[in-house]
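Shared between the two complexes below is subunit A, which pairs with subunit B and subunit C, respectively.
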Partner chain A sequence: MTRRQTITGLISMVVAFVLFVVPFLFVLINASKTAQDASQLDFSWPERWVFWENLVTTVQTRDYALLLAYWNSIVITVGAITLLVIFGAMVGYIVQRRPNRVTRIVYIITLSGLMIPPAVVPTIWLLQEINLFKTLHGMIFIQVAYGLGFTVLLYRNFIGTIPRELDEAAIIDGAKPWQVFFRVVLPLLKPVTVTIIVVQSITIFNDFTHPLYYLPGRDNITVQLTLYNFQSQFVSQMNLLFMNIMLITIPPLLVFIFFNRQIVAGMTSGAVKG
Partner chain B sequence: MSRVQLKELRKSFGAVDVIKGVDLTIEPGEFCVFVGPSGCGKSTLLRMISGLEEQTSGVIEINGRDVSNVEPSERGIAMVFQNYALYPHLSVRENIGFGLSLARKPKTEIAQKVGKVAEILQLSDYLDRKPKELSGGQRQRVAIGRAIVRDPEVFLFDEPLSNLDAALRSQMRIELTDLHARLGATMIYVTHDQVEAMTMADKIVVLNGGRVEQVGSPMELYERPASPFVAEFIGSPKMNLYEGAVAQQLGANHAYGIRPEHLSVSETKGKWPVTVRHVERLGADTIVHLENDELGTIVARVEGSRAFRIGDKAFATPDPAREVRF
Partner chain C sequence: MSAQARKSPYPYWFVLPAGLIFVIFFLVPTVTSFYFSLTYWDPFEARFAGWDNYVQFFSEPYLIQGTVNTLIFAFLTSGLKTALGLLLAVLLTSGMLGQSLLRSIIFFPVLVSTIGVGILFKEMMHPTDGFLNIVLDSIGLSKVGFLTNPSLALFSVALVDVWRGVGLATLIYIAGLATIGQEYYEAARIDGATRWQQFWRVTVPLVRPATTTVIILSLIGGLRLFDLIWAMTGGGPGFSSDVLASVIYKQYQAGFWGLSTAGNVILFLMIAFIVAPLAYWLNRRAIDA
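The block that comes next holds the complex of A and B.
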């Protein structure tokens, strides 16, 4: 390593530390303080460590609202991701493999979902009209609608790299169209599927505004909204707020750590000469 | 074993006619090669027989049954693709047995059939590998195995050897010919390589611009080409072809042809005085490029031991029995 590389390396490590690790440490330290101590909002060592007490209080607050929120958020995330992967891959496959007027229009509509900002009030009217307002499955559909454009775009481009001969070989082997998709194409989409699971699940799990608009009600609380409740209820209890932040940061962190190593490309090598 | 018949087969992509009316009969058990330059429609023709491409008009019959509008999997065909098209996520065993598992055949039957095919193709040791862990020749054999296991009436090959290196290609040519002899099935083989066509075919179909130029056995095409196109396409090095006034002087209507191997070159006397322009030594043979004032370039094949140098004067004489006139 040259001197220059050492210096730039060190600088980037310091920047990364300040950006990513320091805030986390701040959260951790403040989550371990007493209410009085935490209200100072400074980066000092806790006068007294009350980590466990804070954790128990946070979980128990509002009749275990945090656990309900975990459950709701997980249901929404898993449901939305499942639908996104299945529909995104199917739409991407058809749009890529059968270029004609209809699929082009479908593709343009899907992409416009990326470009046109969603309008909140008409969406609520629509949800009320079809009895999906304030329901978890309604929220799942909303998240699918928001994520579908990006998902289809990713899948379509990736499917373009899978040789068409594979489809044709399967057709000659006697595969029906759905078998071509589920038994040949879908398994080859693993790398892009992992990418979509990581990106979209973190987005959906961490979503604050959409559940706030479309999912009001005590029983419909999601993890990010627990923060909101804390802030209004315990204005002076910053320690619990930080404990809450820490607790809801864990699941996305786990997803990222678990899947990060699995984002593998090159599944198709060997299909064609290479 | 099945007869394949094509009747007035046509294909257009939009306004472009790719296949302009093909009538052809491929006899049961025949090894038939479609050959032609790129863009002549040979692959399209094969894909129409397979059912992957729909014909614009015309009829395809396999074993006397009209299959023009039948699904590819119901036509009794199997196809080997240029890029092998192996399923990368499946092992060799699953690749070969894929069609059978789709047909929901019992596991024991699949295992038995796959085992038998693997034995024929010497793939038994590789059954649990993934395609990417195989060499080019092995992948090619897996692709052929996937075709054999379907027990088809007709095998279709779409330039299957073009991704292999030269040594492997000639070895696979022999293996394919052996396979054809052993299975006795009707095979249709597409290639742009006239050497593959000559060495493997019972019947060659030369295609040009979406039409059948000539159909015949390799030696028929070599000895009695029906058109200057076929004459030039079949044989290596290419036939010397002359058109226009010189051809008429040599007694042809519009084209005169003589193959390089049917020319004798002498230092002392002969029909056409020539100058040596270029010498290609192949060992057994030597290809000499000669220059004649009237005809232009003449290519001749002479014995490897003959010593020619660039700039030498000589005489070239065609074998009168082997001259071709159109």
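The block that comes next holds the complex of A and C.
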């Protein structure tokens, strides 16, 4: 490493620290202050550290709404991801293995979901008609529908790298189509499945807009909505607002630390081939 | 054909479970939205209205402003993310000290809750007490109403959106830069190209697939953006930072479902008529180059 590279590196780290780390420190410090101290909104050291008290108060707000929100968000995320992985892989498999006009149309329609903004009010109307409005399972289906484009795109590309000879060997041995898929192909999709699980779970967990529309109601609160709903209540208690921001930032931070590589793979897929 | 289809080891019914969910929860609402956008629709009934909702959309000043703001916001953030993303990617692949740490730091905001980011910056941009204004004040500059000044609010939100999204653009560019062989740079150096020339004549043309991805992704994201604006300004002050997505939500809340759906269709058409031709054009240029 040249002297110049060391110096640019040091300067960049200072700049990146100020621009990207300081805001998060700001959250952490203010989440540790008393209400009066935090109302200054400055960067001073807390007069008194009340981190734990703030944590407990925030969790207890509105009858432990945050815990309920965590539960709801986890149910939606886990449910949607399970369906996305199994059903999405099945679509990617057929689209890749059986290239013809039908599957090409299926693929294009699926990918159109990546671009087209969902028509929210007609969706609400439809959910009401089939009694799924304001229900967790309705929300799960919505997240599956919205996440399908990304999932099928990744699976299709990855299945292209798995030799057809493997399927053919199983077929010759007398395996049924679903056996070929579930016993032979699906286990081989593990790397891309991990990527999909990580990226989609962050997307679904962080989703604010769609629960706001399709999942109103006290008992249906999700993690992102706690912050939004508590805003008015915390207006004179900035310390609790920042504690809340911190509490909903922790899950993505943990995922980021453990699955950095898969996130990068998922987020950049398609970038190189254009 | 049917006998062959039955025998295929790759049966069509595999697409059914996902297809059913996709059709019911995505395609049906999308298709019916065209009809509902032509109705006076509220929680109780839908009456045919012809083009009234669209006429209203293009005659009420605040609705026009929402449409114009959407375009300003999308093109501004997309342009900034593309330019900054490329520069940062070049910097972060130059072999300098701590570059993998820096990549992680810049990328992390992409994963953080948008609402969290929005509320954090709303507090930091508070017109009198916000941290940013305390800093401006302490270095002798006057305080800025980042989110309270109607002519600034949209741009303040755009800046935060760039802060939040530039990490993804950088990441995509880093992946793109990795595909450019070193021999191109060697050849350029032998021909006496300066670093500046190498950047414009080698890096920029060869990284074009990544550029296409960054522009398209950030443009779609910018046109559809709702949560950040809603958390930071709620479309205000007045209607100065309203975009189509926030108009759709407000009209829905007010019970004007038909008008809200017309906004949705306009957003759809905007994306279809801007993004699709642009993607086609960018991809074609990539083949030419």
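Here, the second predicted complex is superposed on the first by the 249 of 274 C-alpha atoms of A that agree within 3 Å, B and C clash if a C-alpha of one lies under 4 Å from a C-alpha of the other, contacts with A are read in each partner's own complex, and residues count from 1 in each chain.
We adopt the following convention: contacts are C-beta pairs under 8 Å (C-beta built on N, C-alpha and C of every residue); 3 or more make two chains touch, one makes a residue touch a chain.
A quick note: this is a predicted structure, and the numbers were derived from the prediction, not measured.
Q: With both structures superposed, pick whichever of subunit B and subunit C touches the larger number of subunit A residues.
A: Greater contact footprint in residues on subunit A: C.
Q: Determine, under the contact definition given at the top, whether A:Ile250 touches first (subunit B), second (subunit C), both, or neither.
A: So A:Ile250 meets neither subunit B nor subunit C here.
Q: Just subunit B (first), just subunit C (second), both, or neither: which does A:Ile108 touch?
A: neither
Q: Go through the superposed model and pick first if A:Leu227 touches only subunit B, second if only subunit C, both, or neither.
A: Only subunit C; A:Leu227 stays clear of subunit B.
Q: Would you sort A:Ile171 into first (subunit B), second (subunit C), both or neither based on which partner it touches?
A: Both partners, subunit B and subunit C.
Q: Who does A:Leu241 touch here: subunit B (first), subunit C (second), both, or neither?
A: In the superposition, A:Leu241 touches subunit C alone.
Q: Between subunit B (first) and subunit C (second), which, if any, makes contact with A:Val184: first, second, both or neither?
A: first
Q: Subunit A residues touched by both subunit B and subunit C?
A: Subunit A residues touching both partners: 171, 267-268, 270-274.
Q: Residue numbers of subunit A touching subunit B in their complex, please.
A: So the residues of subunit A in touch with subunit B come to 163, 165-166, 168-175, 179, 183-184, 187-188, 267-274.
Q: Hey, which residues of subunit C end up touching subunit A in the complex?
A: 8-12, 14-15, 17-19, 21-22, 24-30, 32-33, 36, 41, 91, 94-99, 101-102, 104-116, 119-121, 123-124, 126, 129-131, 134, 163, 168, 171-172, 174-176, 178-179, 208-210, 212-214, 220, 223-224, 226-227, 230-231, 245, 248-249, 252, 257, 260-261, 264-265, 267-268, 271-272, 275-276, 283, 286
Q: Applying the document's contact rule, which stretches of subunit B touch subunit A when the two form their complex?
A: 50-52, 72-73, 77-79, 81-89, 98-99, 102-103, 130-134, 136, 139, 146, 150, 163
Q: Quick check on the complex: what are the subunit A residues that touch subunit C?
A: Within the complex, subunit A contacts subunit C at residues 1, 5-6, 8-10, 12-13, 16-17, 19-21, 23, 26-27, 39-43, 83, 86-88, 90-91, 93-95, 97-98, 102-103, 106, 109-110, 113-126, 130, 141-142, 144-146, 148, 152, 167, 171, 177, 180-181, 202, 206, 208-209, 212-213, 223-224, 227-228, 231, 238, 241-242, 245, 248-249, 252-253, 255-256, 260, 263-264, 267-268, 270-274.
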